[in-house]
Each structure stands twice: as C-alpha cells, then as structure tokens.
C-alpha cells in the first residue's frame, strides 16, 4: 500500500486545487524559495506560474487584507505563515474584516481565502514560535478552523478549505509534517471528496473512556490509548477535526457509552478550547442527570506559561501522552504505581523530547 | 451619601495614581481632546502636564510596543483605545511581547503597563465597534484582565492595574460609564485599597441559583435576579471581576449551596469564556459525584454572529436579563407563561434597546 | 463640468439633510459627514468607470454617492431598514453598492486600504482593465497597514489610486500632534509610488491630477498616490458644528469655508444664480423623493442574522 | 581602532565556533549567524555608553557581544543552561544582558522596533542622557509597525538610532521580490527622520556615520535612521553555507566575501600577520575559555516556569 506524507499531501492538495480552479493562488513568505515551506510548495512556482505562486514582503497584516480584497474579487488566495505566532500581526484583518465581511455586507460577497499556519514545537522554538493560538479565532463567528491530524486529512481538508466560500484558518502542527497516511491523494480525491469542514470522527473504538482533541493531539491521544489498552482500559478516540464548531452528537454518543471524557488541548489550560467542549457536553446532557452523575470530565491542556527555549525546560512545558495516561488512571482512581509504569512502558516517546524523529536535526 | 460615576471614578483613579507615582503617564487617541475619552481624562493634561498626558498617532500596534518599551524602562504607561476592537491591531505586541516579556527574559524585567479598552454597545455600534474580545487575551498567560462592574470597582481596579507590575488589560463597558456607586474615591482609597486583581465577590446573596459573570454582565444579572425574586427564585450573584484567572473557591462554595450555575457572557457563545468556568467547576467537583448529579449548568452568551448596526436588528443580537430569566425558568422546568410574564415585568429595560438611558443621544 | 458641480451640490445638500434629520433620533448610528470635502469625491469618482472599484472608510457618504451608489438605499441604511444598501447591517459606516462599483467601506481606520490593494491585485491577476481607488485620511496614513499596502502595490505595480484626503485632523487631533513636519505624498513617493499633491477644494485642480493618475494606472505604470488638502466643516462624528470646542485655531474653519469647493467651482464655471436655483430645486427634489422612498422600507428580519455568518 | 578590529575578529571567531559546535546537536535551538556583518555591530556599539540601550532581532549575537554582553552567558544560553543570559528561556533568539545595556532581542520580525522606540521615549521622559539603538533588517523594514515607530520617534524627537542592516535578503527572498526599486533610507527621510546611508562592511565608513548620528541624537535633534549595506555569508538560519541552493546570483557571495569587513579593516589599519596571529590567539583563548565555563552550568530548574509568568 503506498503511503503519503503530510507535506506531500498538502503539496498535492495545492496542485489539484490549482488545476481544478484557475483562480487559486498561493502566497507567503518563502513559498517559492528553496525550502518551500518545509517542502510543501516545492516546484509549484515553476509548475503553475509566477502569476499564481508568490513570495511576499514581511507584511502579515496588510497581506491578510490584500488576500481578502482579492478573495472578494474573484481570486482564491492561500496565504501562508511559517508559524501561527506571526498571524497575530493580522488579527484585525482576520477578526474585524475577513470573518465579518460576508455578514456585515449582508451576504453580498463571500471571502474564499485560506490562511495556512503552522504550530511550532521542539528544537528551541521557544516562547514566540510554539503557540497554538487558534483558540482565539474559535471565539469569532465567520471564520472556519481546519485542524488536520493526518496526511489524508491534510489533503482533504486543504481541498475543502480552498473550495470553501468562507475564510478558513488552516492549522498544521510541525510534528505532523513527517507523518504518513496509507493511500494516495489521487484515491482520496476520487473516493472521499467532497468533505465538509464540520463533524467529528471516531478514529479508534473503545468502551471505557472517550479521548478527544484536535490536530496533533490525536497523535498523543492515540499514543495514550495504546498504552491504556495494555492496562485494560479501552479508550475511544474522537478527532474533533474543526475548531469553529463542535459535533456534539458524535461526542455525546461516544460518552453516553463510555461515561468518561478527556479532552487534550495544545493551548494553555487557563482558557483552552477544551473547556468549551466540556461545558457544551454538560449542558447538552443537562436533562439527563442520572447519566451525568456517573460521568467524569477532564481537560489535559498545557501549563499556563510560555514555552522556554531550552529543551531541558521545554520538555516539562508540555502535557502529552504520559499526562493523558496519568490523568486517566486518576479518573479510575488507580494509584498503583505498577500499573502506571506498565502503561508508560507502552507509550512511544520521541527519540529526544524536542525532536519528533531521528531525522529531525534542526535548525527549524 | 455622595455618589460617584464610573467615568469620574476612572478620572480620579488617574489623578490619584499620577500624584502617587510620578512615572505614570497616559496616552491614547483623544486623551487630551475636548471629549477626553467620554470625559474620563478631562482636564488632565492641563493639570498633570504635557509630559505626562499624551495624544497619539493612529498606530495601535507600535504604540503598544512603545508603551511596553517605556514600561520596562521606568515609565508606567496607560494606553487607551476608545473601542476594544481597535486593540486587535496590537495583538502581536500584547501576546507575543507584553505578556511574555517577564517570563521569556527570565524575570529580569517586569512590564507595568495598562491597556484600557472600552466595549461598545448601542446606537449603531455595529459589527466592528461592539465586540467583547477580552476572551482572546484570557487564553494568554502573562497578562491580567480587569473587568470592573461598578464605579467603585473601576476606581479600585484602575488603581490596582496601574500599580501592578504586569501588563493589565482593563476592560470597561460603554454602558457602565453613566452608572454610579455610593461613596467617593477618597473614601475608597483610604479603606478598600490595596486590591488584588484576583478573586470573585458575592454581590447579592441568594440560595436557589448562582448567577455569575464579568463587568457589565453584572448589571444584567442583578436585573434578572431582581425579576426572579418576584417569582420566588432567590439568586445569588457572583462578580468574577477578572478574566485571567478564576476564583474557583468562591464560585464552588456558592454553587454547593445553590446547585445551579448560570454564567452570563458578552462573547459569542461558540467559545465564550463562560464555558471555561463551567468546565472548571465540573472538574473541581469531579470527586463529588453525588453533588454533581443534582447540579445544573448554563451559559447565556451572545448569538454567534456579529452585531448588525440597525437597532431593529441589534436588539435581537444580545442575550441579556430577559434571556437570563428565561433560561433560569427553564432550568426550573417552569413553563407557565404567567410566571415568565410576571418576572419580565420586573426587569428594568432601557428606554429604547440601543441606549442605556434617556440622556444618551448618540452619536457615539 | 457642470454635471460635476451639480454632483457636489447634491452631496452637500444630502449631508445637510442627514444633519437636519439626525435630531429626530431615528438614524440611530454614528454618522461622519463630508461637508467641505466634496470636490475630492466628485473629482475622483467622476472619472471612474462603473466597473472600477472604490473602497472607503468611516467618512464614506460622498464617495458612495459620487461613485453612483443608490441614494435611497443609503438613506434606508442610515435608518436601519431592510431596503438599506446592506440590509440594515451597516448604518453609515459599512456601505456597499456593488452595482455602482462602490466596493465597501468600514470604520476600522486603515482597514480597507489593504483590502482595496487586494482588489487591485485581483484586477491585475485577472488582467482586467478596471482599477481601484482607496480613499484614506491623514490619520489613517499613520496606520502601519497603509505602509505595508503601499509597498505591495508598488512592488506589483497594481492598478490602484490611493487618495489621501488631508483634512488636517483625526477627530480633534491636529496633524502636528500626530506626525512630524513632512509632506505625506513625499513619503509615498519615497516608498516607490508615483505621487501627486493638490488643493482638494478646487475641482479644477483635482480633475487634471486624477486624470494624470488614472492615465498612468490604466497604462500599467503602477499605483499612484494622490494627496489632496481639504477641510471638514462639521464635527468629526455627528450632525453638528463643533467649532466652539476650541480644538481648531480661531478663524481656521472660516478661512476654509471661504474656500468652499462648491462656491469656488460655481465662480469658475460661471454658474449664475438662476441656474443654481434651478439645480438646487432638482437636487432638493431628488433627495426628498429618495428620503420618502427610503422610509417606506420595512424592518429587516432578524432571522438572517445567523445565516449571514457563513456563505 | 585596532580594538574595534579585534572585536570584529572576536565576533567572527565566535560565530565560527557556534557553527562548528552546532553539529554536535547540543545547541538545540535555531541560530542566525552574523558572519559578514560584523562591522555594523562593532561600528555602532563601540560608540555607545554602557547605559545606552540596544535592542535587536533574531540575528543578535554580534550586537550582544559588541555591546559588551557576557560571552559565557551567551554560550550557556545556546545550550539551554541555567547560567545562560536568560536562564534557558531564550536560546539564541531571546537575549538580554541588562548590565551591558543589551536590552533585548526577539525573533518576531519587527517586534523590538516599537519596544526600542518606547525605551527611547522613556529616556526622553526621564530626561536621561542615554539613547537607544534599534537594529533591524531590510525585511523587517516591510513591517507596518516599523513605519508607525519611525513616525512616533520623529514626532517626539526621541533619542534613538535605527540601524538598518541591509543584507539584501529576508531568508531566501531577495529585496527586489519584496520591495519596489527605492532607497530605504530615503523612505525614513521622507517620514521625517534624519537619514544616512553607507557601506556597512567598511568600519572606517561606518564609524563617522554613527558618530554623526549620535551627535545629533545626543544634542536632542531627534531620531536618526542609518542604512548600512552588508551581506550575510552563511545560511539564514543554521550553521552551514547554503550557496548551493541557488537563491543568490552566482558570484554574489564571493564578491561580498572579497569585501570582508575584517579583511578590509586589517588592510586599512595596516595590521600585519604577526599582530593578527597574536590577536587571533587571544581571541581563540577567550572563546574557548568561555565555552568551557559556559558548559559547566547546571540544568535550569523547571519549577520557575510557572512563577516566571507574572512579576
């Protein structure tokens, strides 16, 4: 079975979308450069033309408005930031303008643009290159948020994002870039498209606890689920897929079965999107107090501080598979250290805490 | 008993803080102009000097960085935006820089600056002048968020914000400006200062349900509480006061009594800060499943769309006292329309839905 | 040329009507009047084709009308009615009339400047023959996004005309409290744009400058920046005069009123009082008719509030 | 002058040491080397007093060292150790040595330009005699916050020197793909700043320009903008050469290497090989000693991560 990497999936999504629709253009710092945004835009300028594949000045704010202006005038731009942290410069254009344009002009124009961003991690990304941040835009009606967890999803969601008539924030995680899905974009395009930017998906069945999250969290959740399996806990894993809306049915149907819900989240805990999920589930089940009584809810989000650059510190700045396992065992009131050790032994850890795999050698 | 208006309280806080500390300066678009930010800075330039009270260019982004640079070098700036919506232009400086400066340079410098913002409402403020938005910064460790609900709090919290060694986002609501508290800043300064930018406060005792919120929500909650009183429901009202942290003890102690919690929130419902409160309460009470069983939780936040400008539409774009009452009655499964009407008759509505009082005549 | 004079008068009378009706408190939204600045809107927009696009800011009425925007729909919008140009979503600060090529105005200062630049980028990418105009104020020029936009426009040689209406104030704050002594158009010039400057109250001075600019733009010679000096007569926001507040030097307003764009052009064009009063009457009639029609509009339906959010 | 030459050499050898040790994979953070650009850092910082402040960006090593920042603490920071200049929080991109007046560097491009401007504002408000230097790149100049900062500095006549190191690239993107043909310093000049330009690889050209600039600044004549042309030799980020990637025109790197700031100054100053090798030895010794000391540092404690958040 052929496999496709996340980066190749993104790249193929660009190619296919651009062939399917002449109005799609790509723009971003480094898009046509030799590193091509981690390879995801490699060769595209040569292949699709200088009039469709652009570098840009360091002007994140205006460029967001420029893409919006182009989007309401017949172009479908994909604007890219190598770190989502840079997109904070364009918050006004995203929130005050792109997200509201369709509503505030009474649906006269739609804004088909994609803002592609990358969450950094490891190798000293430090406080300003490692934030999740999409939770801010999740507070803003009018913009969609796509959070792919696999190469296959990356392809499908990028295609959907480009086709969507609304502004879409597309959020990748740097540590997904090398991951692979079975199959090829060609097959996926034939069989699984079109996809909606909505809806959760059960990606692993289980009966004892529901683990849910977005994007890269799925790696950590599946890792934890595997470890929990070995100590007799069967975890169901739900991929929430998008950030602007919640598929409450899929989620509640899962926890009506498992009675336990844990959400993993890459934001600092203090006001992580995960909390909204818990709150919505609780309110949804409000009429069902007998069920609620038996239920348990936990959020495993990130510590409430920036991520330091030193890997000695940064390794303590993340709550991941191990913390998920610990929290689940606590939910079960299992305090037998032997069980914990047994589970931990099943977790697959990265070769060193600040690199996703042996091939990763920095510097970025 | 003398009374003090919210605007006068803010103004007096500036005067007192500036007399107490020579390093405090005020800056913002219109600070020294004839309208003086709704009167809150009236006469201050004449009184405290051109070297301490400044107008500024329309450069929200850089000015935030400039205030940060001044703050780490011995000045305590208060930067003002006439609408919080404008502060989106400075998100990078607030999130990437001000909030992180202390941590990321290993506590070598602190950032004593205040960003004063105003949430707009009514008289056609429309989609770009009526957002709450502070929930975005509530996701960011390192910045404090002060949300005064009364004139007295405005005074005390502004004094605390200016004295605080950290960046503080100070959020006022336009419809609080004319409200009054009993007493004078002079008394408050003597008896109630210093105040911490932390901690919730029970502002109305009750036994049947806990209503909680921040800032202007308190007006709506107290309004609803009074109406509920008339139909035999005794509501306790909790002022959550700050946005960066939650006083979970005060809140849980209240709901352990009332077993019902409703949070009112000025953000769109989809990822309103209120959800975090619910989630944290549920997690905190997790070990107490017997208690949880009887509990009910509700969020009354705003509809998931921008606020249109037309007052004919905007009046449906807010969920306020009436919606709180309706929701509480639903929680009690009271569907007797007579009860609802009786309660509604007690709600004090504004003279027209888009003005806080008869004196308000636009245009801003 | 007389048509243009008429258009200025029409806008003036329209704004005066807004001011006089505002006291009724049924236009329940902020309004920023353009009285005193009409020659710019008319001088620029009269030389555009319908398919050319105009983007504007909080002070948009004159631009909207001069570009051919529907007057009835504009009035209805002020009143928040269903027949408003954006169905009650916009008030005075979020306007759009796509048929006329009035492509949007918003009140976040600087917000539409990049958007207009993007519209011009789209025109270039689509090899359209149309161009875009971006109106901005002297205060707006201080926003970083403007500098970023000018750079992008110059880099890509976009078909866009930036029209800076330098009325010397941002709200109550005079230019010299916000910027060092400098020529604004020279900044744009140094950034790499063809730049022009003129007296914005004199239609006869504005027209050839715009003509020149559009010639460059339409022949693919890239963006042009045009600074036009002018002056706002009424208060920044609202229907009233505010000279009593004392933020403008004594006599300044009067000096500018003496250089009224409409008066100036009337003299230059030799329009006599008979002609004038005839045109006045026509204009008055049109405005009154539109006003009446506008007020016949229904109240917008709240149901579409949620459905408007996503396309 | 020879001291300055020595300082350039010291920075060069330091950066080379970073490059050579990087392969060990124990400096686990991005590094942006300044090889080729030393004359600017040294030419500027050597003329500052310790209480003058310097703010920098992602490419900060040279500025930090030239301003007198502690070398051991810098190395330790790269390794993420407790004795690092910011205790392991910073890596190579978030540096600070307050004792030396190195007031901060961060890697959000444009981030420190307003902050430096604010530092100068504080100096002015406190009537301090100190001034501030803000280093920025040609890419950074495209960020709107820079234009906003320059305006504020000129408006308030702040004691700040903006030093634009124009190395012709932002990562792999050449200037002409990001900006129209224009002189960067002329943009600042049009904005209202005194502006100068020079060849940044020639210490003897840099020094008098900086001297002039500081004279203006210290005598209260407001901010100065200084553009210095230069060239980065190694890859944008990381320890290696990257000329094989083909993003620079053939021979460009070699032409610039032929104008090596250290070589140029050595010739101009008549430093012979004997003297050079003596200085080389001293410098080598210092770097090796610092390296050794740095690596003796402990691992930072995770406990302070939460307590660092609020003061």
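Note that the chains take the letters A, B, C and D in the order they are written out, and that residue 1 is the start of every chain.
Quick note on the criterion: a residue touches a chain if its C-beta (ideal position, glycine included) is under 8 Å from a C-beta of that chain, and two chains touch if they have at least 3 such contacts.
Everything numeric in this text was worked out from a predicted model, so none of it was measured.
Ranking every chain by how far its Cα centroid lies from the centroid of subunit A, the top place goes to C. Centre-to-centre separation between subunit A and subunit B, using Cα means, comes to 31 Å.
A separation of 36 Å divides the Cα centre of subunit B from that of subunit C.
Computed centre separation for the pair subunit C/subunit D is 45 angstrom, with centres defined by C-alpha atoms.
Residue positions of subunit A touching 2 or more other chains: 56-57, 59, 61-62, 85, 89, 92, 96, 103-104, 126-128, 141-142, 304-306, 308. Listed for subunit D are residues 88-90, 94, 106, 108, 111, 142-146, 148, 151, 155, 177-179, 305, 308-309, each touching two or more other chains.
Taken together, the touching pairs cover every possible pairing of the chains. Residues of subunit B that touch subunit C in their complex: 29-30, 33-35, 55-62, 85-86, 89, 123-129, 303-306, 308-313, 316-317, 354, 361-364. Against subunit D, the residues of subunit C that register as touching in their complex are 142-148, 151, 154-155, 157, 177-183, 186-187, 189-192.
Contact residues on subunit D toward subunit B in their complex (touch as defined above): 53, 55, 86-90, 94, 96, 98, 103-104, 106, 108, 111-123, 125-126, 144-146, 148-149, 151-152, 155, 304-305, 307-311. By the touch criterion given at the top, residues 25, 51, 56-57, 59, 61-75, 92-93, 96-97, 101-111, 141-142, 144, 165-166 of subunit B touch subunit D in their complex. Subunit A makes touch with subunit B in their complex at residues 61, 85, 88-89, 91-92, 95-96, 100, 103-104, 126-128, 131, 133, 135-136, 138-142, 244-245, 267-268, 270-280, 282-283, 286, 289-290, 292-294, 296-299, 304-306, 308.
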